[in-house]
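By written order: A, B, C and D. Residues from 1 in each chain.
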C-alpha cells in the first residue's frame, strides 16, 4: 500500500510541494527568530527538508546522485554544521540576536514574498525555452528565492552567527536550485560541501572575535588566541 | 642707403629740429592771446633752450645711470622717428624707415624711459607722473593703433612714406574717411604732447602734473634735451596730421624749389595747426584724471568708425 | 603531469612548513615553494606545447592564459614571501601577530598559493568556482590572522560579501550547465567544450547565466557595487598579504569574467554583455576615484585604486577587440606588480608610523627614503604616468574604447584625472609633513624603523621591472599575449 | 651625421640626470649642469642646421611597444623649437651651477640638478617625438619632472598647494591630449604625425581637445590659473625653463597638429584668436596689480602666450581667406614671438631669481635701489624688460610688429565681419602691449631704481659670476635675435618685408652719439653736481616717500575696476558699548579672483562634495554592504529579465 503510494509519482510530487512550503516556513523562521539555538534548529530542519526532497526526487527520477547528495547533506548540514555552531555559540555566551537592520521581521516577510514573485517572473522568462515540468520549475523558483531570502537574513540580522546561518540558507537555496535544474557531477557537490564546511568553520571562529560579549574583547585585542586554539 | 635718403636725413631732421621750438612758442602765444595777455616772444623757446644748455646738470644722489642716459636716448629716438615722417620731401628710403608700427613704438621708447626717469630719483612726484603717464598711455594705445590702422586700411600701406606719396599732390584728402581719422589724430596729438585737457604743460601745481612731474629732477643740459624732445615729438605728430588731411605741397622729387615750397607750405600749415591747438587748449578745461579714458574713447570711436566705413563700403 | 607536480610541490611545501620550528625556516620553505611554482611555470611555458588537458577527466586545462596568470601569481607570491621575512618578524615583535600564529600564517599562505594556481588551471568552471571560494576563505584567514577586532571585521565582510555573491555565480553555473545540456545532450561546465560550442548556446539564457556568474566574479574582483569589502580587507591585512590580495586575488575574478566573456563573445549576446561590462567598468572607476579623492588612509587609498583599476580592466574586456584584450592582459601584469610595490612600501611606512592615517606620516624621506621614494614612484606608475607600463596599456585600451563610445573615453579620462589628483593630494599632504612643524609640545622625534632584510628587495626589484616593462616591451611577452588572444578565440 | 648631435645631447642629459643622484657632491652637480650646457650647444648646432637646410631628419626607429615604434623626427618646426630650448638651456645651465647651491639640503641640490636635466631631456624629446605615443610619454615626463621641481621646497604650505594645483591642471591637460590623440589615431589609423586630409567635421573633436589640452599647458585663459601658483613655487631657474620653454612646447604641440591639417575651419581660427586676445589682455591686467615678482612674471607669460595664440589664430584666418602672405607673416610672427619670449622671459626669471636670492623676498614693495647694489643684474634685467615691453630694436618688438603688420594689412580680407573682429582684437593687442610697457616700467622702476625700501634690499649684493654669465648669455641671444631678426628670417627663406632692426639700431646709436657730441661742447663742461631729490622742501628723502608698486598701478586699477573688482571688508571694536569711541579695527581690500572664485573653486567644491557623498556609501557596516549586493542582484535580475 505504502509502496504503491511511493511508486506513484504524482503523490511524490505532492509531497515535494508540501516540503517546499515547509522550506519556505523555515526560511521565514530564520528571518524572524531571535533565539540562536532555535535558529540552529530551524536550519537543521531546513537541511533535513533538503534531504527529504532529494530522496523523494530520487524516487521520481531515479538519479543515484540524489541519494548521495541526500546522504552528504544529512551528514554535513543536518548534523555536523549545527553541532559545530552550537559549540561555538556556547563559547561566545550569547544566545540571542535581538536587533534587526533595515528590515523588521514583518517587513522582511513581505519582502520575501516579493522575492518569490521576482524569482518566479525572472525564471519564467528564461526557462520558457527549456522543457521542464512544473514541479522542477517550482523547485527552481523556491531555490532562487531561498537564496535571496538567505541574503536578506545576512543583512538584516546583527550577529555574525546569524549571518552565517543566513549564508547557509543561501547555500541551501542554491542546492535546491541545483537539484531541480541540473544534475551536477557528484564530485562537485562534495567539493562545495567541503568549501562550505571550511567557510562555516572560519566565520564562526571569527565570530568569537566579533560577537562575543566578554568584557576583554571590547577593546582592541592584539593577541586573541583563537588561531593557536589554546584559549577563548 | 642712397644719396637721396642721406640728404633727406639731414634736411628733414634739421628742419624739424629747427622749427619745433617755434610751434611750442606759437601755441603759448595763441594761448596768451586767448587769455588776453601778450605772451612771450616767438623766439622765447629758442632762448630758453640756449640758456638751459649752458647750465650745469644737477643729479639727485639717489638717481642712477637711467637719468643720465635718458635725455640723449629720447632725443635720438625722436630724431629717428622724425625720419619716418617726411616733411621736406619724400625720399627713397631703405625698407623699414617709415613703418607706422616702428614709429608708434619709437614713441613708446620715449615714454618708457621718461617714465623710468620719473621713478629714478625716488621722488613721489616723479613716481606719480610715471604712473599716470604709463596708465593713460596704455589706455590711449588702442586708439592710436586703431587710428594708424585706419590710415593703413584707407591707404593700403603701412609706410608713412608711401602713404604720403599717395596723398601728396592731391588737394583734397584721398578718401573722405581720412577726415574722420584726422579727428582722432588731433586728439592723439593733444594726448601725446600732454596738453589740456589731458595734462597742462604750463602747470606748477604738482598734483595735477604728469609730464612735468617726471622731469622735475631734470636740469641744465638734460632738461634742454628733454624740452627739445617734446617739441620734436609735437612737430612730428602735427606733420602726420597735416600730411594726411591737407597733404598738398609735399614733394616727392628732390628739387631745390620743391623743397623750399614744401618747407614753406609745411611751416604755414603747421603754424595754423599750432594756432588751432592753442585755441583748443584755451577753450577747454583740464579734465579729471579718471575722466580721460572716456575722452580717449571718443578718439577710439572715430578711428573705429573710419575702419568700419571702409570695411562696409 | 603539470598539475600533479604543482600539487606535489604544494603538499611538500605545506608539510615542510608544518614541520619547521623557526620563523626563518618557515619563510625559507615558503620562498622555495613560490620559487618552485615559478620554475614549473616557466619550464612549462618554455618546453611543453600547450594548451593541453590535464588529469584525464578534463578537469584541468593548461593554456597560455592560465599559465600567464599563474606566473604572475607565483611571481607576486615570491616577492611577498621575501618581503614577509622581515615584515612578519616585525609584526611579531610589535606583538601584532602572535608567535604561535606564525605557522598558521605560513601554512595558509602556502595553501593559498596552491589554491590560486589550481583555480587558474581549472577547466571545469565549477572547479574554478570552488577554488576561487577557497582562495576567499584562505585569504580572509590571512586578513584575520592579526586577530585585532578590525581585522576580523574586515575578514568577515570579505567572506560574506565575496562568498555570498559567489553563490549567485553558482546559480549562473547551473544555468550554464543546463544550457549546455540542452545543446550538447549532456551538460558540461568545461570551458573548452563550452567555448567550442558557444555559437550553439541560446543567447538569452547565456546572458542570464553571464549576469549571475558576473555577480560572483565581480565581488571577487571588487567591481562596484560588490567592491565594498575590498578597501577594508586590503587595508587591514598585513601588507605582504595586501599585495597578494590586490595583485593576485582580484585577478581571479577578472580571469573568470574574461573566460566567460570569451564564450559569450561568440554569440549574439555579445553586444548587451559588452555594454553591461562597460557600464559596470565605468561605474566602478567613478565610485573608486571619488572614494579616493578625500581619502585619509594610505592603504585605503591603494585599495580603492585597485577597485579603479579593476574597473578599467572590465572596460578592457568589455570592448571586446583583440587589441583591447591584448592590452588588458598586459594591464593585469602591470597593475599587479605596481600594486604590490605600493603595498610593500606602505607596509614599511606602517611599521614606521604604526598608522596609515595621513596626519601621522611625517618626515618620510628622512626616515624611510626607500619606502618613500618607492611609494612615490609606484604612485606615478599606478596613475598611468610614463615610462611605466600602465601608461601604454591605458592608452591602447582607451583607443579601442573610442571606437565604441567617445563620451565613455572622455568620462574615463576625467575620472582618471581625479584618481591622479587623489594620489597627488595624498602624497603632497602626507609626505611633506615635518615633525618640526609641531613645535615644542613634547612630541619626541620618531626613531627610524629599521627596515629588515628582504623588505627593500621586492620594492626595488618591482620598480626595476615596471620601468623595464614600460620602456621595453619584451618580444616573448608580446608573443605570449598574442597567443592568449588567439587561444581565447579573438583572432 | 646630424643625428649624432642629438644622440650626444641625449646621452649628456641622461648622464647629467644620473650623475648627481649617484655621487652627491658639488662637483658632480657642476658636471651635471656642464653636461646640460654641452647638450645645449649640440642642440644649437643641430637645430641651426635643420632650420637652415630645411631637411627633415629621421632617426632610426627603436622597438618600443607592440605595434608602435619609438620614433624621432626633426623638421623645421621642431628645429625651431629645439633652437629655442637650446638657447634657453645654455643660459639656464650656467646660471644653475651657482644657483642650485642655495637649496636647503644636499639631497635637494642633487635632486634639483638631476631633475633639471631630466626636464630638459623630456622637453627636447617632446619636440622631437615622431608619433603621438612618444609625444605623450615625454610630455608626461616633462610634467612630472617639473612638478617635482615645483615641489622642491615642499615644507611650505603655499608650495604644496601650488604643486597640487599644477599637477591637477597638467593631468587635465594630458587627459585632453589623450582624447585628442586617440581620436586622431582612430581617424588616421596610425600614431604618426602626418598631414591630415580629412573633412573638417571629423577633425573638430581632435581640434577642440588638443586646443584645450595644449591651452591648459600653455596657460591660456581661463586655464591659466596654475601659472601664477607654480612659478613662484619653483626655483627660479626652473621657472625660467617652465615659462620660457615648457609653455612653448605646448605651443609646439598645437602647431604640429594645426599645421598638418589641410582643411581647417574658420571658426577654429576665430576661437583661437579670441582666446589668445583674451589671455593677452587679462594676463597683463592681472600682472599689473601683482606685487610678487615671480607671480607678476607668470602673469606676463600668460599675456605673451595670448599674443602667440593671437598670431596662430590670425594665421588660420588669413590662410582660410586665401591671404597667404599675411598668413605666413602671422605664423612667423607667432613662432618668432615664442622664440623671443622664451629668451627674455627666462632672462627675466633668472634676473628675478638673482634679486630674490640677494634680498630674500619676492615682494616688489620690499625692493628698490638695487641698481646701485646689483648693477650687472640690473643691466641684464633692463635688456629683458625693454625686450618684453616691445621696444624697437629689440626682439620682442619685432615679433609683435609682425602681428601688428598682419593686422594692419587685413583690409585685404574679403569678409567684413572678420574685419570687425580683427579690429577689436587689434585694439586689444594694442592695449596689451601698452600695458606690458607700463608693467615693466613698474617692475623695473620699483625694483631697481630709487632708494631701497627695506633692509633686505639695502643689504643686497651682486650675485656670483656664473649666475650673471648665464643671464648674460640669454641677454646676448636676446639682443642678437632682435637686431638680426630680418636677416635671420631671410636666412630661413621668409621674405616678410619687415624693417631691418640692425639699421634702426645703428641709426639710433649713431644719433645718440651725435646728440652727445653736439651737446658736450656747450656750456660748463665739468659741472655735475649732486643735490637731493626735490621733495617740496623736505631735505632728507626717505624710502617711504617713494611711489610704491601698488601706488604705481593704482590708476590702472581704477580704470579697469570692472575687471579687478575688489571687495572691502572691515571689522571694528569700540571702547564703549555705544560704539562711539573707536578702539581698533582692521580693514581689508580683497581682490576678487574671478576665475578662481567663479570657476576653479566651484568645480573643486562640486567634485569634493560628490566625492564625500560617495564616500559615505563606504560606511564600514557589513549589513549595508550586503544590502548593496542584495539590491544590485535584484536590479540585475529585473534588468536581465526585461532588457536582455
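Some observations on this one:
Everything that follows uses one rule, which is that a residue touches a chain if its C-beta (ideal position, glycine included) is under 8 Å from a C-beta of that chain, and two chains touch if they have at least 3 such contacts.
Just so you know, these numbers come straight off a predicted model, no measurement behind them.
Ranked by how close its C-alpha mean sits to the mean of all protein C-alpha atoms, the top chain is D. Across the structure, the highest number of inter-chain C-beta contacts is found for B-D.
The distance from the centre of chain B to the centre of chain D, each centre being the mean of the chain's C-alpha atoms, comes to 36 Å. For the pair chain A and chain C, the distance between C-alpha centroids works out to 31 Å.
The geometric centre of chain A is 101 Å away from that of chain B, both derived from CA atoms.
With each centre defined as the average position of its C-alpha atoms, the distance from chain C to chain D rounds to 43 Å. Counting partner chains per residue, chain B has no residue touching two or more of them. Residue positions of chain C touching 2 or more other chains: 153, 156, 160, 164, 168, 204, 208.
In chain A, 125-126, 151, 154, 163 are the positions where the chain touches two or more neighbouring chains simultaneously.
Applying the touch definition to all chain combinations yields A-C, A-D, B-D, C-D. For chain B in complex with chain D, the touching residues are 53-66, 72-73, 75-77, 79-80, 83, 94-97, 99-102, 105-106, 108-109, 111-112, 115-116, 118-128, 130-132, 134-146, 148-149, 152-153, 156, 158, 206, 216-217, 220-221, 224-225, 289-290, 293, 300, 304, 307-308, 310-312.
Within the complex formed with chain D, the chain C residues making contact are 153, 156-157, 160-161, 164-165, 168, 204, 207-208, 211, 214-215, 219, 225-226, 228-229, 231-232, 269, 272, 287, 290-291, 293-295, 323, 326, 365, 380, 385-387, 391-392, 395, 398-399, 402-403, 406, 409-410, 413-414, 416-418, 420-421, 424-425, 428-429, 431-432, 434, 437, 472-473, 475, 478. The residues of chain A lying in touch with chain D in their complex are 101-102, 115, 118, 121-122, 125-126, 148, 151-152, 154-156, 158, 163. Those residues of chain A that touch chain C in the shared complex are 125-126, 129-130, 144, 147, 151, 154, 160, 163, 167, 170-171, 173-174, 177-178, 181-185, 188, 191-192, 195, 198-199, 202-203, 206-207, 209-210, 217, 220-228, 230. Against chain A, the residues of chain D that register as touching in their complex are 622-627, 629-630, 633-634, 637-638, 640-642.
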